[in-house]
Amino acid sequence: MTATDDTMASEAGTGAADAAPPEGVTVLADLRSHLRKSKAGISGIIICSLFALVAILGPWLPLIKDPTKQSLPDRLTPPVGWGGTWAHPLGTDQLGRDILARLIDGARISLLVSVTAVIIAAILGTVLGLVAGYIGGRIDTLIVSAADVQMAFPGVLAGLILVAAFGPSVWLVIIVVAISSWMVFTRVGRNLVLTLKTSLFVEASELSGTPSSRVMWRHLLPNLVSSLITLCVLELAAAILAESAFAFLGFGVQPPRSSWGLMIQQGRNYVTGDGWWIVTFAGLAIAIVVLGVNLLSLWLQSFNDVAEREQIILERPGA
Amino acid sequence: MNAPVTPLVESRDVSVHYTRWVGSRRRTVYALDDFSIAVAPGETVGLVGESGCGKSTAGRALLGAVKPTKGQVIFEGRDVTDLSRRNWRAMRKNVQMIFQDPYSALNPKIKIRDSIAEPFLVHTRKRGAELDAAVGELLETVGMTAGAADKYPHAFSGGQRQRIVIARALALHPSFVVADEATAALDVSIQAQIVNLLVELKDTVGLSYLFISHNLAVVRHVSDRVAIMYLGHLMEIGSHHDIYENPTHPYSKALLSAVPVPDPTTRGNHEPLKGDLPSPMDPPKGCRFNTRCPLAVDQCFHERPPLTERSSGHLVACWVN
Amino acid sequence: MLRWLARRIIAAALVVFVVTSLVFVVTHVFTDPATVSLPLEASEEHRAQRRAALGIDRPLGVQYWDFVSGLVVGDLGESFWQNQPASKLVLERLPATLKLVAGATAVTVLLAAPMGMLAAWWERRFPDHAVLGFSMASISAPPFWIGYLLIIVFAVQLGWVPTFGSRGFASLILPSFAIGLASAGRLAQMTRRGIVEELRKPYAVTALSRGFSRSYTIVHHTFRNVASGFVTMTGWELTRMFTGYTVVIEVVFAWPGVGRLAVQAIEGRDLILVQAAVVVLATLVVVTNLLVDIARRMIDPRVELA
Amino acid sequence: MSGASPNTGGSTERLLEVKDLTVGFPTRDGIVRGVDRLTLNVGSHERLGVVGESGSGKSVMGLAILGMVLPPGRIMGGSVRWRGEDVLDPAVAGRVRGREIAMIFQDPMVSLNPLKTVGSQLRELLKRRVGLQGPAIRRRSLELLDMVGIANAGERLRAYAYELSGGMRQRVMIATALACEPTLVIADEPTTGLDVTIQDQILALLHDLSTELGMSVLMITHDLGVVAQFCDRVQVMYAGRIVERAPINEMFADPQHPYSLGLLHSVPRVDRDDGELTGIPGEPLDRARFPPGCAFEPRCSEARGGCRDAPPPLLKTADRRWVACYNRPAEGSA
């Protein structure tokens, strides 16, 4: 009898609310257990970490050649398996430069541009969305109109005019990608705030005389975080693609530095003949990294969906 | 009016009208009209009515959360209708609100401690251990353990959350609490616990309540006086006994007979009240109940009946009864 | 409805006005067409001469007034690279771009709608996973790369369609797919999600509980509710096409459209022509958004309330 | 509402027989049972009430009887028989759903298709499920709206759900349920969210219609008042299981399960001043953490050691009375 009571108690104890760790810990644990079951999530995380590692450690990786070193006798060497040698595992380009080395160099630009642009866009967009949604009134109208205008004037269009006016540069690409992405955060943030604003916990806080800044910072922002992180990942994929498109058009990083988009531009004259690997590998690099980011966001979304669904099943069974 | 000598909170002819966009048209919502009520210290006044009757608006107007279009709100003898924002913030210590939905009344992303401590942080200089002690004490007052402070709302059931919400409302020792459908979202077995807690706190902490509810049975259980509203108008107000044993307004009678009693031996033939509730954007002229009233006469369609005293403290707004 | 439409059109016109003014600020305040058109080492005298020729030595206010009044009558300035009115050059290229967008939209809708329905119908079964795989692949690959892959496979290896340029219907096929695949991938997922979500809604559960079959419920009950979202998303994809995809794909396929003109104009340092192309494309985006709003309202009577 | 008309039960035909029905929902903590070994019978011309609080599984039960469970849930066992036929067989379900058993849901605003007019929703039912043609459809639609007490029926046919008031929507919902002249109506919280006076109208309407048309009603509700005023017989659910089953008068006069007793002592009455509400101590169960024994044990004042080992079976204690409690001896065993 005592034995059964003890096992019962410990069983109840592990699951019962009293033993529940603080939410931050449970969310991480939940994420981990959810990740273990998701092939997409695991592949996404592996691809993204590899990409980040290669981009950050690139120049210090052993055996990596100088991405800018030309060698005309070696030009257009095919990759291993198509008649090439391990000296250039992925072959060389039209100037005899090692494609693998150039891909790794390109990863740096890709990571720099996309991450910087998304961080700028996320911070700017979230703050504007928070203010527009919570304060409302004329400020709201102003911010929403600005977002509407931006919607009609996004990405490449803004890029075209800025490049035409100021000439190509990496910083210009960062700015263009950031300004074509901030309003996504503003819109999502604002809509969430409009819903949250009607929550009773916000009204309760206001009724006890809490100042607006504290309401926004302590009550609204923490409730936006999980959606905004998912959105950041999604926008990261868009940013990588945008950077490659700009580089492809010749508006981004300039030679001799390399970028995946630029490699495609430079290799395009060889697609129909003896040099298909330049475009193929550069494009593959973009596609794999973007796929990794997309898989990550797919998994984050499904995690949020599951969490939400179970919240409904478990918390408010009558609802 | 048999209002107590010095009411704690009083509203005098408070009206709240606001405009709302319906499609591309601007419509005025007549949420509350000429609403006068007084709550004495230590008293519980029940405010009952169906959806759109303005009972929540009335509660919020008494708390200063909604600015009256017209009329005055008086707190402890002082006119607080036109207080500036800053002065209202000071007032917040004295008046508090308990909400209907305990699930949305607590921020899911912050700990119980921080939810309850917020009023202290905003209004007092309590910090550190002193603050923790105050939070623990509040939790114990509402029947929770002080250990609850370290958890997030998701660890608690609806009833426990409502206790936490009550603890937060009590933080700064308010004298007047508006309970807006405070038990409506709870299961009956939990509702009873919370009702008992509220009744108990009234004596131990010394509170006055405006108890807003659509549930006439719960109101009967907790209130000293009861007011019945319909479409923004006060229809009848009186003591507990006046309203439940001697309802006079035809609407009060209909409302009371419509409540299903949990006792099959009380089944009888009553005729349900006909018709739908009109929209508060387009209320009927005269008595607002005239579209559904079985006794309505010509006068009811033209002139609004004033609240008149039928016996001591029992006021009814009806031309016929 | 008419009042709403009028309000909506005025708002759209305002957006066009603000966007073009922003463009003006970039092209005339931060820099000017003369500076851009000349090499850095050009002499000051040469610059002044060019400024006078282009009329940018006048006060900014006057230039802005010229710009705005020009806009109203469709005058977007003179391209000195081609020595022709910029608006004429852009309008000549517009049909090619519109043709491309139409082709891409056809690819998008014809692929996305059936794939989305298939995936929803076989929720969590093989077709659902297959459609998800297609979507992930198509939205991850850069469209210009897809363009080259299509060229390598279908033009070079198989020789089914021409490689570059715009020669009849056949040459439209590859660029349309290069643009449309990614849009189709996104739209298919959205359609699937929409249908699956609608099927869980109480009204769909009610329909099922009345004995209607799953297929009948999908087609007759959820369709219109999903359609509104479908139209919105298609509109979104159209704007993406106008503001990005066409530019890149026109370069890949040497397609004589507005986007390629803009890129060529940048290479030719012709700021006026770039400005004209951007203004026209931005206007197309605004018009697309307007049409989407009108379509949504016709599908869903509740939009009025929102 | 007319006076109590307790059905004798024994002499009526058994329409619906549910046996050991179990519905599971997969969650991260394993499979959670929303409904656990549910047994229920509805006879002809009977009004059966199922009463329970949130989380009792009463709404899951309503859909599961029609063989429907919202994903990711699924029916894990048991049987549902309608006049002897297996409703969990999709072929039978397709025939029975809507035509023999119709459901009414809690929130008519979202249970009616927002983009179809009232008329078109009635029309598709009458055409596809009843087989009416041409002008007969409109005639019958008007008749149905008239039956549920909607004035200006012709005009209302052109209205969308969002253009109607709450009470009106629920009347339309009832009209669509009646379209195929079902033998049983399952009403899942049909008056929750409606105002008291409107609830009164809807209950009276359902009562009158069931009498006139000879329909049985399965009323799923959390409101003991609704059960007391409407039903002939009642089953009390707690945490997915039936804990007590009794004719209406017996249940309210002499509840036997400690939970039923506690429930009755929790509800204040509007018609008289009652003493203190005792309530039920503790909190309802988190569905993820069902104990192996009686689910009510943690809140029960009569609990003994044995209550924790296995769930008590639902046993007959007297004529037409069934209780699932170890402390209530079964008939004949005492």
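Just so it is clear, A, B, C and D label the chains in written order, and each chain counts residues from 1 on its own.
What we mean here is this: contacts are C-beta pairs under 8 Å (C-beta built on N, C-alpha and C of every residue); 3 or more make two chains touch, one makes a residue touch a chain.
Worth saying up front: this structure is predicted, and the values here are computed from it rather than measured.
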Between the pairs A-C and A-B, the one where more C-beta pairs touch: A-C
Longest centre-to-centre distance from chain B, chain (CA-based): C
Middle chain, criterion being Cα centroid separation: A
Whole-Å separation of chain centres (CA-atom averages), chain A against chain C: 23
Distance between the centres, which are taken as Cα means, of chain C and chain B, whole angstrom: 54
Distance between the centres, which are taken as Cα means, of chain D and chain A, whole angstrom: 48
Multi-partner residues of chain C (at least 2 other chains): 305
Multi-chain contact sites of chain A, meaning residues that touch two or more partners: 17, 316, 318
Residue numbers of chain D (touch at least two other chains): 53-54, 222, 286
Complex interface listing, chain D residues touching chain B: 1-4, 53-54, 165, 167-168, 195-201, 203-204, 222-230, 248-249, 252, 262-271, 273-274, 276-281, 283-284, 286
Residues of chain C touching chain A in the complex: 11, 15-16, 18-19, 22-23, 26-27, 30-31, 36, 136-137, 139-145, 148-149, 151-152, 156, 163, 239, 243-244, 247-248, 251-252, 262-263, 265-266, 269, 271, 274-275, 277-278, 281-282, 285-286, 289
Chain A to chain C touching residues, read off their complex: 148-149, 151-157, 160-166, 237, 241-242, 244-245, 248-249, 251, 261, 264, 268, 271-272, 276, 279-280, 282-283, 286-288, 290-291, 294-295, 298
Residue ranges of chain C touching chain D (in the complex, touch as defined): 123, 200-203, 205-213, 216, 220-221, 224-225, 300-302, 305
Partner chain C, residues of chain D touching it in the complex: 63, 66, 68, 70-71, 94-99, 102-103, 105, 107, 110-116, 124-125, 128-129, 160, 162, 173, 176, 180
